[in-house]
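Each in structure tokens, the structures are laid out below.
You will see two complexes here that share chain A, one where it goes with chain B and one where it goes with chain C.
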Partner chain A sequence: MSQFTLSVRESPPARVIDLTGYLDAHTAPQLEEAFQSLLNEQQFNIIVNFRDLAYISSAGLGVFMAFVEEVRSNSGDIKLAEMSPKVYNVFDLLGFPMLYEIYDDEQKARAKFSNEGSC
Partner chain B sequence: MQSDSKYIVRFKEGILSRTEELHRIRTVVEDEAVRFGFDRETAFRMALAVDEACTNIIKHSYSGNPRKKFEMEICTGNDRFVVVLTDYGRSFNPNSLPKLDMKRYFELCMRGGLGVHIIKLVMDDVAYHITDAHANELRLVKYLT
Partner chain C sequence: MQNDSEQIERAPRRWTRFSRLLTQAVLAGLWLVLLLYDLFAQVWDRPPGDQGWFRLLAPIVALLPAIIRLLAIEQVENEQVVYKTFRNLALAVLATGSVLIVPTFVLTGYSDQLVPDGILTFFAGRLVCLIMLMALPWLVEPLVQIFRHRATGAGSRLPRIFVAAMYVVAVIAQLVPLQGGEGGLAMEEPLFAMGSLVALLGLILATRAGWIINLRREQKWKLVGYAMLATAGSSMLLAAIEHTGGTSAALLSFAPGLLNFSSTLGLALIFTSTVIFASAILALPTASAIDRRNTEVSSLANFARLLTQSLDTEHLVDTAISIACDAIGARTAWIELREGDAIQIRLGREPRITLRVARQLMTQSVGKDLVIAQAVSQRRRVEVVDRIRGIVLYKAETSGELKSMAAAPLQLGEDLLGTLYVAKDRVNGFDRRSVVLINALADQIALAIEQSRLIQSSFVRERFEQEMLIARDLQERLLPKQMPLSPFYELYAESLPASIVGGDYFDVVAFSDNTIGLLVADVSGKGASAALYMGMIKGIVQALSGQCASPKELLAKANVALHGSIDQRWFATMSCAQIIDEHRTLRVVRAGHCPTLVVRSGVGAYSQPRGLGLAIARPALFDSNLEIEEMAFCPGDYAIFFSDGLPEARSPEGEELGYDLLMEAVTAAAHQGVNPKEMREAIFERINAFTQGEPLADDSTLMILRWR
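Then we have the complex of A and B:
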């Protein structure tokens, strides 16, 4: 059984990471690699789409913490979109909405990047 | 705990210290918690807390050695659901960590410590002790009320 998959697509002015399955200590290194690749390519406008993610633990949350500072210092952002209530509750439990913009629709996250005018 | 006749052991197993096992552990905990009477949302959070505790054993207590094993026992009695995790690695008392101030955590872009914070937020009691056999025993308790 494949517990977790991710894919990256272009959606100007951002790159979108689509997550599927279960994001825990076993699978979080895959997300870490994806973020590192985007940063290596100087891509700092990043949307993470959680539509098909069923689960996240602190190992997954830690990946966002690991990259947010570098992304923002390069005038970009990590915006989060389309979380299920279960996954949102984990973010909310720890107060992550204080630090990250969370959208119910990926389009809104993209529009925010466009309005911010940074690429 | 085994000597306390009020408790019924619902699950007991030795588990390889590998992150591949986390998915199965969560499924067991969530299913048993629902069967005991918790709603799905609470059971999901309890499974998350146990995932965090097991991750700490795998990563820190056993430093990622996949040949090590730890034990998980789920017991219930009256209104309480108890998960006991026992390992034989490096000792660590989660209660020795100060409570996380998340505002400060985000301001300083800190790392680590979130798992223990989740465990304490989700479970009603978190108790750690070293057994006579020099094992680390972590008891996570959630009350049904």
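Then we have the complex of A and C:
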């Protein structure tokens, strides 16, 4: 079992959260904290990079639902990027592609933020 | 303690008493024989001094039982026994001295008649002899017992040698006729020298009074009194027998050996009483300190006992406070308890100070910029404030002032469980000795607190487990007990929580047109919270199903009820299938749930109509994305609803079973034409082979329909 780690980096115009390992009921609170501190810093353009995430449970999915409304009401967004097919399948089953923008490339997500900003 | 020592003493007491009486009876009998013999001698007109053989034999026979008894005296360990022995000795000496002094005074008036062969001398000698012989066991035995106390360090031999030497002196003296004959007079000086040597031995033994130290203070005072009585008694005894006239004259003429023995004994008694008197007086100044030390030891012992008795932490802490107060002799004590970030101050059952005063004391300075509370938690050692700054009064007695204090960490290894505080009403109240004691007490208290907390948490855990088992039972009852029976299909369903309770469930509902609906649902999260939501969803779905004509309508209405009503993070997934019997058709909707596995004409496939999870999206978005899939089946076809616990079953290496292997197992079994129950067995056989018997990490639910 690979351990869950989380890091936040700046990638204008957004902040990127990189996830690795297993995101489940035990590790979800860490992600929640990361979102909360970004919101406290008034950072509403958030990309979550799933490149190294091996597994996501329902508790992990719930974290995105908890913050998306507040982020969007502040004219920001949570965009998801670079999911493995397995992780994508979990999001897809739940119908998350109807609710979130999911990109195969982090760059595309960033570009989308840039376009939104310029509009 | 008191009862224990009495019981130990009681066992040999009966024999002791009997053997002492026996000794006295033998002595008295011997005296009677002597008296009769001398009477007849008088009558037959033979000189009374002419009984050499008898004089040799009599004392040996008389003292033999006494010597045997003396050898049998056990070494005493308990100073309380020695104390009582000396008390008895003092009374015996006093009694003997008083009894002997009377005939001495009386006889002194008739000293001219006390001629060697006179009748008065004869009877007076017998009387004194009887008194002395009767008193001997009461005087000699206690003396030996006192000398043989273990605390004195005296070997077992010395006191015996002492007594044996006394008897030897007495016996030899019997052999020496002191009147008439020059050889007899020649023996007087060596005998006197021997007597002095024995008395010196007695003096050495008398210094061994170590047992006095451990007596209680009031016992030491009493001992001074008893020693004075014993000194007075033995002085009277010596005065009686050493007096130039009277008794000594009578004894000289009748039993010079006894006289010699008695004077040696008298000297030993005087030495002993004097030394004990002096020792008791000298022990008095330290009596309070010794008492305090004994209190301290018993406090620690009490506390150790408390350790095993108190389960409730608060009760334990309050008791610890009173014990600490007593043991240290403090005016007040209190304990600051830490548990995680929570800090609690407990003042004990009868607090003498208020919480405010306690806080005031805890901020007393012990160095530059360091208050006592911080100092204890940083340095982890006993801290002392010799002189409390400012005036700090007790609550109850406003005149009293607290003048010094100490604090000790309650720690176990690195963990600081709290701090013990004690305060006294005098400055410099804590010497090195109290600091050591406070430390020892604090360690005991810490250990007891930790133990009681462990016990408490195991109680709580046990109760929690009980409640979870009840919850499991309730949750099992929420699942339908019987599957509907139909000529068109057969059904099997089960749901296994990964922990005691789970968030998965299956149900059978009836739509408004009386068609039957099957549903399988998975609530996000696991364990108790998921189980609570599961119960709620089941209630909502059951209430709504009768009003809905289709599974799509049912899930849409359920989403309205659930969305926004619960925690934003929370959601559920559900598959619902309406059974149209006569057409062998299923109308399936999927709210974010795992796809349905269907096997038609031996070919497996996953049905995954579009649909968002429940409570994820607003009703408009949810409804517009909810697709209904209608599937027609033939007899022998299967439809299998399940939760993600099955495809996510993991091998010991961490690999997931996956949807493909699941389908493979199902189609293989379908080719055998198995019934739903057998299909379940086939699926779990495959899963168990994959996980190698490891339990599933997630709840797993399975609902299998086979068309007839």
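Note that in this section the second predicted complex is superposed on the first by the 115 of 119 C-alpha atoms of A that agree within 3 Å, B and C clash if a C-alpha of one lies under 4 Å from a C-alpha of the other, contacts with A are read in each partner's own complex, and residues count from 1 in each chain.
Definition applied: a contact is a pair of C-beta atoms (placed from the backbone, for glycine too) under 8 Å apart; a residue touches a chain by one contact, two chains touch by 3 or more.
Note that the coordinates shown come from a computational prediction; the quantities given were computed from them, not determined experimentally.
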item	value
First, second, both or neither for A:Leu80, with chain B first and chain C second	neither
Which superposed partner A:Gln3 touches (first chain B, second chain C, both, neither)	first
First, second, both or neither for A:His26, with chain B first and chain C second	first
First, second, both or neither for A:Val63, with chain B first and chain C second	second
Intersection of chain A interface sets (partners chain B, chain C)	25, 58-59, 61-62, 65-66, 69, 86, 93-95, 98-99
Residues of chain A touching chain B in the complex	3, 22, 24-26, 55, 57-59, 61-62, 65-66, 68-69, 86, 89-90, 93-95, 98-99
Chain B - residues contacting chain A, complex	19-20, 22-23, 26, 41, 44-45, 48, 51-52, 55, 58-59, 102-103, 106, 109-112, 114-115, 117-118, 121-122
Residue ranges of chain C in contact with chain A within the complex	522, 524-526, 567-571, 573, 592-595, 608, 610-613, 616-617, 621, 625, 654, 656
Interfacial residue positions of chain A with respect to chain C in the complex	1, 25, 58-59, 61-63, 65-66, 69, 86, 93-96, 98-99
